[in-house]
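Please find one structure pasted underneath; my questions will follow.
Going in written order, the chains are labelled A, B, C and D, and every chain counts its residues from 1.
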Amino acid sequence: MTTSVKEMLDTYPADLGGVDREAMAQCIQECIACAQACTACADACLSERMVEELTKCIRTNMDCADICNTTASVLSRHTGYDANISRAVLQACATACKACAEECGSHADMHDHCRVCAEACRSCEQACNALLAELG
Amino acid sequence: MTTSVKEMLDTYPADLGGVDREAMAQCIQECIACAQACTACADACLSERMVEELTKCIRTNMDCADICNTTASVLSRHTGYDANISRAVLQACATACKACAEECGSHADMHDHCRVCAEACRSCEQACNALLAELG
Amino acid sequence: MTTSVKEMLDTYPADLGGVDREAMAQCIQECIACAQACTACADACLSERMVEELTKCIRTNMDCADICNTTASVLSRHTGYDANISRAVLQACATACKACAEECGSHADMHDHCRVCAEACRSCEQACNALLAELG
Amino acid sequence: MTTSVKEMLDTYPADLGGVDREAMAQCIQECIACAQACTACADACLSERMVEELTKCIRTNMDCADICNTTASVLSRHTGYDANISRAVLQACATACKACAEECGSHADMHDHCRVCAEACRSCEQACNALLAELG
């Protein structure tokens, strides 16, 4: 898959204010990939016979998907940039990704979809923390 | 308008873990009302002749709408409750609402839609902070 | 709960193109109320002991919540109005609400949250169809 | 960028009901890429000096982003699959992508971000129509 995340950053018509474009593009991409993995994992869990043991996982997946999608949208906007909003949303995203990586990770050996999703969550958490460090 | 926020809380089939139902219902309702006001305000700003002076307002409106919608969804879920995710998302929501209330408030005397939106943002910020205080 | 849906329509700074404001406001309000009810119902189903019999309901709830939220946002925008987009999204919303009302309605006597949610879905379906009839 | 869209489909624990996995994965990926491009393009338009001539483009971008995100989520769920919902949402998505491709395309030679976004919209429209043809 090719997204145009990087191209959209490169064609932005105004100053991006010294942001690290690589860290920004990476974080947006991880967020949208993680949101999709979490939405799909919630539904895959619903199809498992042991669904009643996976209800916490499903809920955490749904929270994480919503937060990742919102984070991707906030980071895709640069006009009238407010670092406080970006920071707060990145912190919420890192928190949700960490929780979801742990939850999915705890039964990754039983459910392949949880293994794949836990990896997406860990990747996204790292990208959020890397961008947070950049923003200072 | 009547929403079923309170009724959905009252028909929840499991323990809500001692949460203050009034504070929770109030916060969910403020979040969904604020999200709508922000989406509508962004678009109303696009229809103003002085749109080029309102671009920061439009962007803040869009960030705030996304974050409020996500917060309403996270708070509407109780299964496998994770206070860390709720807290992080409420903090992001309070931050976005405060920024949007200030931005919209700064030209509320010129644009009625910004005045109405600023009130919705302030109400929502208060409800988020009240629930955060409850969660401890 | 008071939302500012009607006030935001009334403070819109440009022509709304002859839209029926009551039908529009009603539909936006039903959409955001229905989205919240569906999100909460999906989670309430996750907390039922018979969750494995409710997986279709949970999935339909989640689809309906996403579509209702998107419909509310599209309808809250009037600048550069494109009736084709509004119509297509209203049709998708009416379809999802009908499916969700039937699914939740089929076990409304067993689960109070499904009864409340089915009512919200039916109300929203009607509001979408009423607005579709208005749009011609 | 690598997403786990295909991997999530391949690790799904139940029958996918004869869906064409390639068409499905392609469509989900196009939807999430298009949503991001549209969100970024709306914001890039806000940073153009001629923003007052781009308000229709911004609005169409926002509608298209919301609809693409919702379509990606609906398609990522397979439990209790309801072809009517998928079809209705794919039709709304194809409609929004077509409108946005035309709008962005009409000033693609002036604004590089609109050129990139128009390509993402056209790709997504094709993927939606291809999947619609598959669903029958």
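In this section, a residue touches a chain if its C-beta (ideal position, glycine included) is under 8 Å from a C-beta of that chain, and two chains touch if they have at least 3 such contacts.
The shown structure was predicted, so the numbers you read here are calculated from the model rather than taken from an experiment.
Chemist: Spelling it out: a chain qualifies if it touches chain C and also touches chain D; which chains qualify?
Modeler: Shared contacts of chain C and chain D: A, B.
Chemist: Kindly point out which of B-C, C-D or A-D repeats the A-B interface, defined as over half of the contact pairs being the same residue numbers.
Modeler: Repeat of the A-B interface: C-D.
Chemist: Just give me the whole-number Å value for how far the CA centre of chain A lies from that of chain D.
Modeler: Taking the average C-alpha coordinate of chain A and of chain D, the gap between them is 19 Å.
Chemist: Distance from the CA centroid of chain B to that of chain D, rounded to the nearest Å?
Modeler: 27
Chemist: Multi-chain contacts in chain D: which residues touch at least two other chains?
Modeler: Within chain D, residues 42-43, 46-47, 55, 58-59, 62, 69, 73, 77, 79 contact more than one other chain.
Chemist: Within the complex, which stretch of chain A touches chain D?
Modeler: Contacts found on chain A: 1-5, 7-9, 11-14, 28-29, 32-33, 35-37, 39-44, 46-48, 65, 69, 72-73, 76-79, 111-113, 115-117, 119-120.
Chemist: State the interface residues of chain C toward chain D in the complex, per the touch definition above.
Modeler: 55-60, 62-63, 66-67, 69-70, 73-74, 77, 79-82, 84-85, 88-89, 91-92, 95-96, 99, 103
Chemist: For chain B, which residues are in contact with chain D within the complex?
Modeler: So the residues of chain B in touch with chain D come to 42-43, 46-47, 49, 51-52, 55, 58-59, 62.
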